[in-house]
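Single-structure report; data block below.
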């Protein structure tokens, strides 16, 4: 790809980027949120037409107007956001756009058999006949990968494929990637997990602010170097641990169950503490968090805040009890895309900002300005529509939104998923400052280094059940994995 | 760490600008220009267009459907697609406000009529907001049922007014402005306050913009969604009651067609049917445009089918233009 | 729970069966071949339009202009009879429907106008044209005998129209469940972006969906006009609502991605037999309205509640 | 005996009393009536005729909303040996072989009477506006057609300024009249409204625009109570009484005769009375 530029209204997402990937190699693209990684790959896969620039495949210049054009050339992309059809079956999704035919009809048997084989190879235990919408996000992510893989591509682009995968599944994915590499397939791999990049990549390209900074073989590059190139300066500690004094329990849950996905979940969170909630994908962490926050219903158990029992049936009750929740699916549950950053931030506290039901604009502006500055949201313009921000900045705005409600317990569900290192460090800094001020934080994360880095205690979930909390001093990657996979029963 | 924060802050990058504002202004101005064009054409083409009498007529004709438009704006903004039960709630307001007069007096009849219309809205709201049924289906069903009940209740005939004083009141003028137009103005002001200034309005926009995110932001989404339908029903109940009092007679089918007129106005005003965006002034600008255009066409003696044709074409063009503009602004 | 979800799954068949049983018990003379044949015939107008709408709804779009296209196509097919002859005129009528659909498609695919608004606009336009070209007077055809032949009942139950409808439903069923383009249609309606990203041209499918829907509305209109030897700008004004109701009662989702031909058949037959039964008893129209409205809402509510609980169940099964 | 009665609507100012009268009279005659309402939709009506045939009714009374569309269904009824008559509105000549009789007012005739009346009021000259019913509706077509044709036949110098459709709706008539009054102002010498409800709409608009100024001569149709009041107060010039009671009764009486095997005339009109200030005190309003 030569001289690729892409201008969105209001944003120049890419300027004059040159990028090339060789057959039989894994080429990683790294960069901060909004650096333009996804946009570049969407150009390659025919989703976007570049404003300027040309693309060559196998030495021939090609012009792709729609994804189908790219697919004809053997280019397949696993999108950062799930791109599946909830109302079709898993097998149909895997073969979407290229279902096998027998005469005029769909060859169902071939389709199901093929899907089952691919899924098995990926190590995913998913019924090909299940309706896709009934699967969890991570299972859907696996289907998405299976879909690209099953198409026998010549070039495959994976945009953050592991953000919702467990280490297990990641390992299975890497096995497949190596196999594909051996078959001479060109692989583009985008990830914010630099460890993965180091593990799998042959070449690395670093993007910053829509421009290519460097493209080089991965041999000999270190994470620190990459980070420096990504953010333009040195970053020392990726997972800082701010010391804080731990106080009395703020949130106590006992024997929670929803009758479907989890049961008998109990834990405490104390003031000034970060409690990690980890486990394999689909262990039920999100469901627990949603239930505590009143987004789904509990069938068993009790919740106490500050020693007082509370009933929570809706988010506003949870908010009154001092609980806040930053959801996992930022695009789906986090932001109101049509509203400005300011309007997003003040949403939960509108009533407080209102007199005689009129929202005080000055109070509203003050609030937004404060958080925009505190969290250095880029661009620092609260009147900008939030969907024009990059993922990391959106995440900061969502966290600000909940801090504006002044909660005593903050539940963060995968707060740094798909967020670049810079923004990640900053989110960690913000969390650190919050606990230092005495807030109790529950952090759901699948990224073990992160969990080990910032949490004071960790609860591991497996199959809808929670282990007792493990103190920081007893934590190790092996221990958590053992609990998460059921090799050790606590 | 702080150096990152700092450097990110001074990244006031030329890559970013505010695309959306510009488009907003353009699309708003577009409608104003269109209105001006119609006014200009009207003034040139018809000597009577610019008479007070004619403009007052336009205002009066606008009032009844205008009140419904205010409500319908909420439905569209909250992402409720459309309220098709408007004809039924209008009939409810018109018939009850007249039929109950002899029994309980004009004022209680009026209040009760509007309240009962609101109750229909409550049913819509419960079905859409709490049960989660598609608004088109829910309001279609409820509308059919309510209209059926209303017809059964009056035995299917016309109900006449018994208190001419009330008719005189709604037909009166204050400083040359028809009372009914003033009522419309008041409703519009209230509607605008609620949608654009109050927390409820912000909630409405948020719910329409992204339902689950609003829910996860402690917005009582179900109530907000239901609320939009109740507001619309109250508005159309009020509109129906006023209609009944002006005409001093009401049939079950008085409200036919008002739902489409209201949706047309709101949509021409550039309020997105997908929700999350829109305001009462915009919707009213759409209404003013449609009404003025119709008025000019009538004054020019354009035949009814041709009027319908032009109106249909206009809706299509207005919305297509709006979409095009918006796409250029924000993808 | 399992029972409930079975009920939900076959609810259209159940309601239909229930209606038939109750009607045949309460209404004397209801259970006869003639009634069945007439019931089928009455379903076929709504039914043919419903086939088109089912496809369009699955693709995630809606069409409010069906009733107007119905009238317009009929008028065209009648007005052109003297100059073109009966069959060519009928063809032009159907083509008018297709052209109307193309306009809908261009508006909503090309100009990205929401289909609810786009077809609201074209509904006004088509209806106006119908009034315009007829000067608001009904027009009549040249050959009344042909109408009489068209209304003839074969084998005691089928008219030409109802046989056509049933055949079309079967074809639709086959197409939706078995063919690649049928499955792609569901993909487009369920998640257009994903479909597009997988190389399915969703714009084209939606466009064709509009053309299909309006063509069928045109077919129904032409058949109706031929059967009554009349084209009238007033025809079909009440039709759109009944068709939407029938399709939705049949379990097709307005938001797209879900629906079935047999469901639509069930929905259409349910509404027709309900109406016929109530007419047999001379139930006032407004009571009929109330009943129809209640059934519509009840079925949709049932669908809604059962589906959420069923979802929870499959989820439990998946995670187990 | 059972008679199937396919009426225009069961919730309508004129149709409802007509239906009631028909049913009451049927009870006296010992005839069972199976009432079906088309709700103003021709499509529904043609299907309901099929229901009547399936129900094996002994006779069919049809309120046609279209001059043609019912013919195949009527033919089918004839095949099934079910006699059919029309109430209220006529159909085209092609329908003649399939029906025994048509009872009811002649809407075309009403248009002619209205033309006479307005011609008299204006002494044969001036400019008028026509407020018509729903476009495409049979009654509208008849009432407008009769009016226009008869004016021509009379050789009247009355000029029709404009014809607007107000769908038999008072509010629509009000809105349309406002615009017409703005547009033509004093040029309007007279008004013909297809029914009294719409005439009412014009009167209200006139009073709004010209408070205190007398209305031009207005001719309506139907003979509603409030039209009688308007005639008394001079706001309206005339109306034509067409009694829904008579309409209903006449139809069922005719059907009873057919069922008894008697021959009936193929056109049985109900009396139409033009009501002006002269006879308003002595005439009974239609409803």
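The first chain written gets the first letter, and so on, giving A, B, C and D; residue counts start at 1 in each chain.
Rule of thumb we're sticking to: contacts are C-beta pairs under 8 Å (C-beta built on N, C-alpha and C of every residue); 3 or more make two chains touch, one makes a residue touch a chain.
These figures come from a predicted structure and were not determined experimentally.
A.B. asks: By the touch rule set out at the top, what is the minimum number of steps from chain A to chain D?
C.D. replies: Graph distance in the chain contact network comes out at 2.
A.B. asks: What chain lies farthest away from chain B once each centre is taken as the mean of the Cα atoms?
C.D. replies: Looking at centroid distances, A is the chain farthest away.
A.B. asks: Based only on mean CA positions, could you tell me how far chain C sits from chain D in angstrom?
C.D. replies: Roughly 34 Å, centre to centre.
A.B. asks: Centroid from C-alpha atoms only, then distance chain A to chain B, rounded to Å. What do you get?
C.D. replies: 41
A.B. asks: Roughly how many whole angstrom separate the Cα centroids of chain A and chain C?
C.D. replies: 43
A.B. asks: Give, as an integer number of Å, the spacing between the C-alpha centres of chain C and chain B.
C.D. replies: Once rounded, the distance between the two centres reads 30 Å.
A.B. asks: Would you mind listing the residues of chain C that make contact with two or more other chains?
C.D. replies: Within chain C, residues 131, 136, 284, 286 contact more than one other chain.
A.B. asks: Counting only residues that touch at least two other chains, what does the list for chain B look like?
C.D. replies: In chain B, 151, 156, 252, 304-305 touch at least two other chains.
A.B. asks: Name the residues of chain D that each touch 2 or more other chains.
C.D. replies: As it turns out, chain D has residues touching two or more other chains at 9-11, 135, 165.
A.B. asks: Who touches whom among the chains?
C.D. replies: Listed in label order, the chain pairs in contact are A-B, A-C, B-C, B-D, C-D.
A.B. asks: Under the touch definition given earlier, write down the residues of chain C that touch chain D in their complex.
C.D. replies: 29, 32, 34-35, 38, 41-42, 45, 131, 134, 136-138, 140, 144, 147-148, 150-151, 224, 227-230, 232-239, 276, 279-280, 282, 284-286
A.B. asks: Given the complex with chain B, which residues does chain C contribute to the contact?
C.D. replies: Residues 62, 107, 111-114, 116-118, 120-125, 127-129, 131-132, 136, 241, 244-245, 248, 253-255, 284, 286-290, 292-294, 296-297, 300-301, 304-305 of chain C touch chain B in their complex.
A.B. asks: Mind pulling up the chain B residues that touch chain C in the complex?
C.D. replies: Checking each residue of chain B against chain C gives 81-82, 127, 131-134, 136-138, 140-145, 147-149, 151-152, 156, 252, 260, 263-264, 267, 272-274, 303-309, 311-316, 319-320, 323-324, 327.
A.B. asks: Quick one: in the complex, what on chain D touches chain B?
C.D. replies: Its residues touching chain B are 9-13, 16-17, 135, 162, 164-165, 169-171, 174-176, 178-180, 182-183, 185, 197, 200-201, 204, 208-209, 226.
A.B. asks: Going by the contact rule at the top, pick out the chain B residues touching chain D in the complex.
C.D. replies: Contacts found on chain B: 46, 48, 51, 53-54, 57, 60-61, 64, 151, 155-158, 160, 171, 243, 246-247, 249, 251-254, 295, 298-299, 301, 304-305.
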